[in-house]
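As written, the chains take the letters A, B and C, and residue 1 is the first residue of each chain.
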Amino acid sequence: MSTALNSDRSAILKQNRASRSERLLRAMRTPGGAVFILLIGLLAAIIVLNPSFGEPSSFIRFVGRTAPIAIAAIGQYFVIVGGEFDLSMGSVVTMQVIVAGNLIGQDDSKVIPVLVLMLVLGAFIGLVNGLITTLLQVPSFIVTLGMMLALLGLVLYWTGGAAQGNPADSFRQIGRGGIRDVPVLDIIPYPVLILTALAVAAFILMRRPFGRMLIAVGDNPAAAALAGSRVWWVRTRAFMISSLSATVAGILLVGYAGVHPSVGRGYEFTAITAVVLGGVVLGGGRGWVLSAAAGAFALESLFTLLNFMGVPATWRDTVQGAIIIIAVAAASQSWQRKRKGASSAAHDEQHQLAAAPPPAEGTEQGGERV
Amino acid sequence: MTRRAGFFQRLSSTQIVYLVALATLILGVVLVNSIGRSFFSPGNISSILTGTSVLGFIAIGQTLVILAGSLDLSVPYVTSLASLIAAGVMANNPNNILSAVLLTLGTAAVIGLANGLIVARLNVHGFIATLGVGLIISGYLATNFKGSFGQTPLEFRLVGATGIGPVPISTIIMLACAGLAMLLLHRTRVGHHLYAVGGDIAVARTSGIRVDVPVITAHVICSVLAGMAGLLLASRLGVGSPTVGSQGGYDLLSIAAVVLGGTLLSGGKGTITGTLGGVLIFAMLDNIMSVMQVNPFLKDVVRGVVIVAAVAVYARRRIVSRPERFPAKGSTETPAARPVPVEGP
Amino acid sequence: MRNNSVRAIALAAALPLVALTACTTTDPSVTETTGAGTGSPAASSPASQDWFDQALYDTQNQQRSATFEGDPEQPYLQYIAGAMTDTSKFAAQGPQKVCFANASISNPWRQTGWITMNQQLKALQGSGVISEMETRDAKDNDNTQIADIDYFIAEGNCGAFVISPNSTAALTQAVERACQTGKPVVVFDRGVETKCATTFIHPIGGFAWGIDTATFLSEKLQSGDKVVALRILPGVDVLEHRWAAAKKIFEEKGIQATDYFTGADPTEIKKIISDELATGDVKGVWMDAGDGAVAALEAFEDAGKPLPVMTGEDEMSFLAKWKQTGIDAMAPVYSNFQWRTPLLALEKIFKGEQIPAEWVLPQEPILVDELDEWLQRNEGMPGGHYAKFGGEDLDGYPEVWQQRQIP
């Protein structure tokens, strides 16, 4: 790429830019933006029902405990936007939780080595998922389903079903502790900091060539391949990110909840639901990474709201089911309108130059508009 | 090497499925004989075939849905609901059997219709649509049923408990349903359209097919077959149970069986015969592992590995060479114009 | 046509199966097995919407203070005096084969029991009572367990059946079919709706658990105090009975109890408690099973609230946390040692000795004064181990349990 071309394009882009507020408004009308409105609405409802929830110290704890699922949703986003599924996520969480419990034990000196081992394990599982999906051409649904069964079976076989017990407190602090005595907030849980760091990293990653390539691959792999992307490697890295994020979620959950073989159960479906609620389209190519995290928060807020409303826990599934159908139906109508150009106002054509080069494949709905 | 590839290429994926089934069978005979049992004894055959019935019903329906380019994750809940309706309405009175069966299948069909409409009309991905509908039913079940419910009369229980020789009646009914599904796929217009829509919805649409019809039909049939599975379970258990569907994990297992049977997960290619092979492989595998008393945790490991390994065999072949119904697609395509996108093969 | 050839191949592959089976037309023993099923109204009277059963409640309430026959050092052999089954017709020479249809080993309680059972099996194999035990694990699936039992009947060549039913009503007919073989049938843990089994082994039961725990909490708390009840899942009789009894007592004593289903997931438990603490004070925590008790307590710690009065279970992680925090607590017990009893019952049956028709095992909660003793006896055991596992005298103690060697 020549710099001349780049500056050319940025000039055009600048010209094309609407005012900040206009852009924000436009973003909010897309499914990926609507989730933020949904989230704010849910939070407001919770605070109305239970004002103490709105206190900064309560709220930051809520953010802290939602961090693991939000991190998992961010990881799942990379796989989904690349056009694949990762069903092995729940098993990876369970595995990491039990690995931490059994290998660290009460020995503080083992915390760092085991932490490294867990990250390596996570990356390795992602690599295996990715390579079998891309090189052996097995659908990711099947690969990760097989991984889910095999991984959980192996871990339970290895441990006889139950872990030795909770690992050393120094390790659990990652998920349980925080910076204390902060003004206003009282405490900033470490999970909040980790989530923030990972969200920023994911946001940046999606604006870098890898992120754009991933969206291109999810949108149309054949075109992306022709355009020179190494499709297999892009997708494999997405799987590795997913497994690594499950690993981080596992590390946080060991701290938050402790070791039990049921930690992580159903995480894959919750994460996928969160991603989808965030307006990300299954099948790939469309959606914003931060909306996926917002989807996780919306989902957790929904559960909390139902709880405060006194809805029997058994109805929770029903409400969740109805909400995801409605959200996705609405999103799909909206994406479709956009595709057909029916809502052309959203594209504000008056700013477009006749000479504007068409945007590169996949960047049309990429992360840069967030 | 080249000769083997040539031999492989000449086989259809259904033929490979049955080769794998045959290999599993041989493995089973060897292993089971090695501990002094007979693989072909009536009790064992009956055990394997019983294992195929419930999953078979659901997998046949799942095949249709997947061929149409969708998925159905609501099947376990439909199955549980069906078992409850059946046992509840029968209430141990033989006179109620017919009305109970009709009501059960009717309810299942309505759920299938809802699935189909959400997928086809609202353009919600099958994964989410059926996950959502499944959750809705699951909440209803958990709130209203706290344990087993109703009772099926003796006459109805015989369906699940009788066999012709070692072949259970339920297996025969399942195979009959498979036959009907094959007729639908290969002899009717809806069947042909189903392949077309699953293969490439844009092409199907431009060729003048009303793309909604096959998708909705597939979903309705799938739910009805899940209802049949529920009826069978009500017959075997003697009662309805709100958890019997999720106990079996039939959602993911049926999808695995369908893909194991050589059907493309992205739709448009595959056969019922293949699916039956996939179901048979699972049933034999489970049977062998149970007879060998494999550690229950390791059973899942074996299952997981077999699913991936077996599908890898077909999938590898697929990119080498395969007569395409709708040619000129890239090796890893997802047609960009799909409103309901599915992941690449 | 390609489709035709596909079908031909499929048929060809299926044919040997069918052909081989067609000549063996002995009817599998499934047809004639509905005797009691049709005529048992108790079986499935309209949905078990209400799990409370006053008669059962009263019985179990009395059994809590009953005297148990036998040596208290061997609680797994103790029983409440009552109707006995004459087993002289089952008396047998030499080692017998046992067939065990297990519901699953999907939770730590069942895993612990399964380990104990296998060590007991080795002991009885050594003493020449049992030749081998063939086990089929149904993975929590009713339909699979029915098929497992039918397989045993047809192919197992079993000298006796041991069945741990996955659910009560659904397994009734399969157990009846096993009874019809004329071999001894031992049912344990969850029951079935038939009395055909040679013996049904179980600790006192869920109502006793509920009475023990709810009485403890109501005594420690004031009327109007709030108790959060953490329940694993709906629809399992032994668990529902625990809550049915506790709920009744809480209502009587004016304790305000809210119940939740947690799936035994500590993440869920911690969220629930945190939300409850955000809305008001929680004075007590009631659990229908102890897994995740630690997470519940940590929720109080993290919120900086005073620790509650609590009932957990004899699960080691709870006992350790109880000791560490010094809370006011008790550990009800769903006697894990019952996993030994079926095989020991078979030993008696093969000798032709009388055994109780319904073998009610002791179910004594662990109170604070016994806490140290139970912690000491189980030192080095993993968090998911159960203190009253009752296998201290078996070979392999303690390594097998410490390493959780699951066959």
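Simple rule for what comes next: a residue touches a chain if its C-beta (ideal position, glycine included) is under 8 Å from a C-beta of that chain, and two chains touch if they have at least 3 such contacts.
Computed from a predicted structure; not experimentally measured.
Student: Name the chain with the Cα centroid closest to the overall protein Cα centroid.
Tutor: Closest to the centre of all protein C-alpha atoms: chain B.
Student: Specify the chain most distant from chain C by Cα centroid.
Tutor: A
Student: CA centre of chain A versus CA centre of chain C: separation in Å?
Tutor: 39
Student: Counting only Cα atoms for the centres, state how far chain B is from chain C in Å.
Tutor: 33
Student: Going through chain B residue by residue, note those that touch at least 2 other chains and give them in order.
Tutor: Chain B, residues with two or more chain partners: 142, 295, 297, 299.
Student: Specify, in ascending order, the residues of chain A that touch 2 or more different other chains.
Tutor: Answer for chain A, listing residues that touch two or more other chains: 157, 161, 314.
Student: Hunt down the residues of chain C that sit against at least two other chains at once, touch-wise.
Tutor: As it turns out, chain C has residues touching two or more other chains at 105, 234, 406.
Student: Can you tell me which positions in chain C touch chain B when the two form their complex?
Tutor: Interface residues on chain C, with respect to chain B: 2-3, 5-7, 9-10, 13-14, 17-18, 20-22, 24-28, 30-31, 33-34, 37-38, 43-44, 46-49, 51, 104-105, 134-137, 139-144, 146-148, 150-151, 153-155, 167-170, 172-173, 234-237, 240, 406-407.
Student: State the interface residues of chain C toward chain A in the complex, per the touch definition above.
Tutor: 105-108, 111-112, 115, 234, 260-261, 263-267, 269-272, 274-275, 278-279, 291-292, 294-295, 298, 302, 316-317, 320, 382-385, 403-406
Student: Please output the residues of chain A touching chain C within their complex, sorted ascending.
Tutor: Touch residues, chain A against chain C: 50, 52-53, 58, 61, 65, 68, 101, 157, 159-166, 176, 253, 256-263, 265, 304, 307-308, 313-314.
Student: Enumerate the contact residues on chain B facing chain C in the complex.
Tutor: 12, 14-15, 18, 21-22, 25, 37, 40-47, 50-51, 54, 87-88, 92, 142, 145-151, 153-154, 157-158, 161-163, 165-167, 186, 233, 236-239, 241-244, 247-248, 271, 273, 276-277, 280, 290, 293, 295-297, 299
Student: What residues on chain A touch chain B, complex-wise?
Tutor: Listed in rising order, the residues are 83-85, 87, 132, 136-143, 145-154, 156-157, 161, 219-223, 225, 231, 269, 272-273, 276, 281-285, 312, 314-322, 324-325, 328-329, 332-333, 336.
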